[in-house]
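There are two complexes below, and they share chain A, which is joined by chain B in the first and by chain C in the second.
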Partner chain A sequence: MKKEIILIESRDAAFRDLVLETPVGRKLSTCMQCGICAGSCPVSHEMDYNPRQLVRMVQLGLKKEVLNSNTIWICTTCFSCSVRCPRGIRPTELMETLKPIAIAEGVKNKNERFDGVFSDVVRKNGRASEFLLISKYSLKEPEMIKQAPFGLSLFSKGKLPLTIDKMENTRELDTVFKLGEKAEKKESKEIRETGTKKEKEEPETQETDK
Partner chain B sequence: MKYSYYPGCAQHGTAVDYRKSVEMVFRSLGIELEEVKNWNCCGALHVPDMTIRSALSARTLASSKGLDMATPCNLCYSNLMRAKTALEDISLKTRVNEALTAKYDGNTKPKHLLEVVVKDYGLTKLAEMVKKPLKIKAVPYYGCLLTRPENKFDSPENPKSLDNLIASLGAEPVKYYYKTKCCGGPILITNEDLALELARDLLLMAKESGADCMVVTCPMCHLQLDAKQKAVEKKYNIKLDMPIIYFTQLMGLAMGFTPDELGMGKHLVSCDKLIAKIGR
Partner chain C sequence: MKELSLFLGCLIPNRYPGIEKATKLVLDKLEVKWSELKEASCCPAPGVFRSFDKITWLALASRNLVLAEEKNTDLLTLCNGCFSSLLDANNILKNDAGLRNEVNAHLKKINKEFMGTIDVRHIIEFLYRDIGPEKLGNSIEKPLPLKVAVHYGCHLLKPTKDRKLGGAECPVFFDELVEAAGATSVPYEGKTSCCGAGGGVRSAMLETSLKMTEYKLERMKKAGVDCIVNACPFCHLQYDGGQVELAKTGKKYDLPVVHYSQFLGLALGYTPEEVGLHLNAIVSAEFEEKIALIQKKG
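Up next, the complex of A and B:
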């Protein structure tokens, strides 16, 4: 088996603490690496790191690897891992916790772009019209052309109306979406602040790892 | 019986067939579904910020006028249920309520339409409404979010409510080990190859079980298993030909409605063989 060395420089205590202080994070320390999450996951074979590995990586503070892995994005949110975990950890919710952090840290990929388009459509119209969603996403993702026959087949059955389904008034939704902006700013501020604080403690952490 | 009704976005688009069958069947059962005025999307699985997602559901729940809130979609149902749990946190509830005009009080109970039929209406009463017992074999497919992470109305691992509903209509629910395995719906746009692989496993297992159709409770599952079935056949060079029908359509067929009245002509996989077997 390939032996991997985790460099102390790649460990980010601020990131680790940020995640460990969230509702799902508070339980992560009880993980005993049994792997039932990875075994239950329908897509773990395509993941850069399976859910069991991801939990350990968060504990180690491997920020770059965690936030740039496809794991948090291809999770289908099926909750199989979460209902089976003997420690009551919900890895699905860990993925959900990590997504906004990855976005705030500037991670870019097609899933993040789709989520962005989806959020914009809901914010502006209150509802997610499939046609609007697909056309806006296709502009950002040229490979969507491959899905054109799928769209056409739906259209031919009257299942992809070209009208935009809208709420009467979306002003309230704008306020709802601002709730996230506040949280996002707070989060990145926190990670910066704790980041500087923790840097001073770094030698101590190194000591324990030797 | 009266419910506040949250249809969700798909009912106005890719799930027009589901909508048609819900309207027909529920009217006939005498269950009134009063649509929420000016409802908003629940955020599905694609609004990544969980505070916003809780708030989107809180806004919907706050407009239930004191009634239980019924919804036809697994994703909407799951978001409403999860928001209800998350909003037990007082500080989150206060923050969310600051953004809402009608305040969320936490008293609305979300229910999936399947729960409304099985638990509230009752299968004994439903069996009395059957005009034409369906002599077919059907796969009870629940999907993920109907029973997970928690809903207290059926088991997250081996649910039985849809099995029982199928049986009460005179049909045979086949043994199906993937009844709560993910269909890949949430990633069908972004990660098509992987989504098709998940759908293939479900469809092949359904085929092997000897079933005449798969019964679903969610517009996302339907989109993935019905509308994407051609793509699965093409990619893996297999013949599936497996009709995917909503549980409300199955009920409607047994209650004597025509396939057209139930929107079955809008499916991508033809239901002709299935309908011929049931007989008109």
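Up next, the complex of A and C:
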């Protein structure tokens, strides 16, 4: 493992506090670096930083390194680390907490693009279908076309239906999505502007919160 | 116990409808009362939604929960992802008054309210707790003397605190159900480890996710099993489709992948076609002949 000097300038106290104040973050300071999370993780060998390192980096406020690492995206959310942590920290939930922060900070990658496609498919159809997901995701991610022969072979054997099982009326979902978007926008704006998330106080008021 | 509403999710109706059919056949045979859950949406997928947009995740999940509450039924999931999303959302909303109020303020706009009156069940957990391996064993018509690699899948077991199904290191309840159908659950290394599909990793980082699948398949194959039995259509897809994807790099396993509903269906005398095994990418003539032979004899 290569050693890197941590410069004082790369430590971001606002980022550290933001994470430490979240439900999963409250326990992070109790981490004793035992490494059972890293040892339990089935994908740690693929990660830029393993879960143990990531926890320490959050404690140090290494915002750029944490949010740009592949670690948070490569977690399959298997929860092995979380059930074994002797301090009751749930690193899985730390990853889930860091993802929206990374997106709010403008991190762009395949996972974030896939999320967009997935949300869109669910919003319009109520349920996701492999066919719609793959075809729409291929438009954004040209290398996905590599998976097309597999899909076609299933289709030609009648194993991949082109009729899509979806909801008849998705108006309710659309309403829920709109509400979610509004709350999300507000939150990410706060993160960008102040570096911290304000405690939620006022219930959302106007319909035209842009 | 409440009656059950069947929550199918996305992957089962759109990719493995045999799991749906098998579940309905099996529940009817066992005289379990169930009904369809009309207008249910995506659970929504924990790996994508919970991680990226927690508010929308909770609101969509609570809408599904309310659909079951309105019918006064528990929700029966056939998928570890749906189980995880809906169980977690149900627990969060039952225990956190602040979040419940926030979500209810959203739900009010679609004339719904979360009350917290139902439970989220998983087919494996339901069969184990409410019917039990012994009673289930008595209703088996065609015991299947097969060697099986049981794959629990992560979200059936973890986080353990919220599921009350015991520890995640050496669980046995699923194995007992498989053995109740006359099979032998063969131990293999890495049995409780992840199939590699979750967290949006299959979709965005296929190669990484396949490395994990390969790890599992290697060890299952080495254990000399006849098939894989799983509890989740996403694990099912990862093993079934994953074998096709791995075959491109010269790795061949030919392991049939069977959801427990389908496996139980076979043990209750339904044919491989009736439980939808022909819709898998990996179809093994040898395996189906074996089943046909067992069913003819039994």
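Points to keep in mind about this one:
The rule is short, and it goes like this: the second predicted complex is superposed on the first by the 175 of 210 C-alpha atoms of A that agree within 3 Å, B and C clash if a C-alpha of one lies under 4 Å from a C-alpha of the other, contacts with A are read in each partner's own complex, and residues count from 1 in each chain.
Criterion: contacts are C-beta pairs under 8 Å (C-beta built on N, C-alpha and C of every residue); 3 or more make two chains touch, one makes a residue touch a chain.
All values derive from a computational prediction rather than experimental measurement.
Superposition of the two structures on chain A leads chain B and chain C into a clash. In the superposition on chain A, no contact is made by A:148 with either chain B or chain C.
In the superposed model, A:96 makes contact with both chain B and chain C.
By the touch criterion defined above, A:139 lies against neither chain B nor chain C after alignment on the C-alpha atoms of chain A. Judged by the touch definition given at the top, the superposed model places A:8 against neither chain B nor chain C. Within the superposed three-chain model, A:164 lies in touch with chain C and out of touch with chain B [touch as defined at top].
In the superposition on chain A, the residues of chain A touched by chain B in one structure and by chain C in the other are 42-43, 46, 73-74, 76-80, 82-83, 90, 96, 99-100, 103, 110-111, 114-115, 118-119, 122, 126-131, 137, 147, 150, 153-154, 159-161, 165, 167-170, 172-173, 175-177, 179-180, 183-184.
Across the complex, chain C is touched by residues 42-43, 46, 73-80, 82-83, 90, 95-96, 99-100, 103, 109-115, 118-119, 122, 126-131, 133, 137, 147, 150, 153-154, 159-161, 164-165, 167-170, 172-173, 175-177, 179-181, 183-184, 200, 203-204 of chain A. Residue ranges of chain B in contact with chain A, taken from their complex: 9-10, 12-17, 38-41, 43-52, 55-56, 59, 95-96, 99-101, 144-145, 148-150, 156-157, 180-182, 184-187, 189-192, 194, 198, 227-228, 230-231, 266-268.
Across the complex, chain A meets chain B through its residues 42-43, 46, 73-74, 76-80, 82-83, 90, 92, 96-97, 99-100, 103, 110-111, 114-115, 118-119, 122, 126-131, 134, 137, 144, 146-147, 150, 153-154, 157-161, 165, 167-170, 172-173, 175-180, 183-184. Chain contact summary for the complex, chain C toward chain A: residues 9-11, 13-15, 39-42, 44-56, 59-60, 63, 102, 105-106, 109-110, 154-155, 158-160, 168, 193-194, 196-201, 203-206, 208-209, 211-212, 215, 237, 241, 244-245, 279-281.
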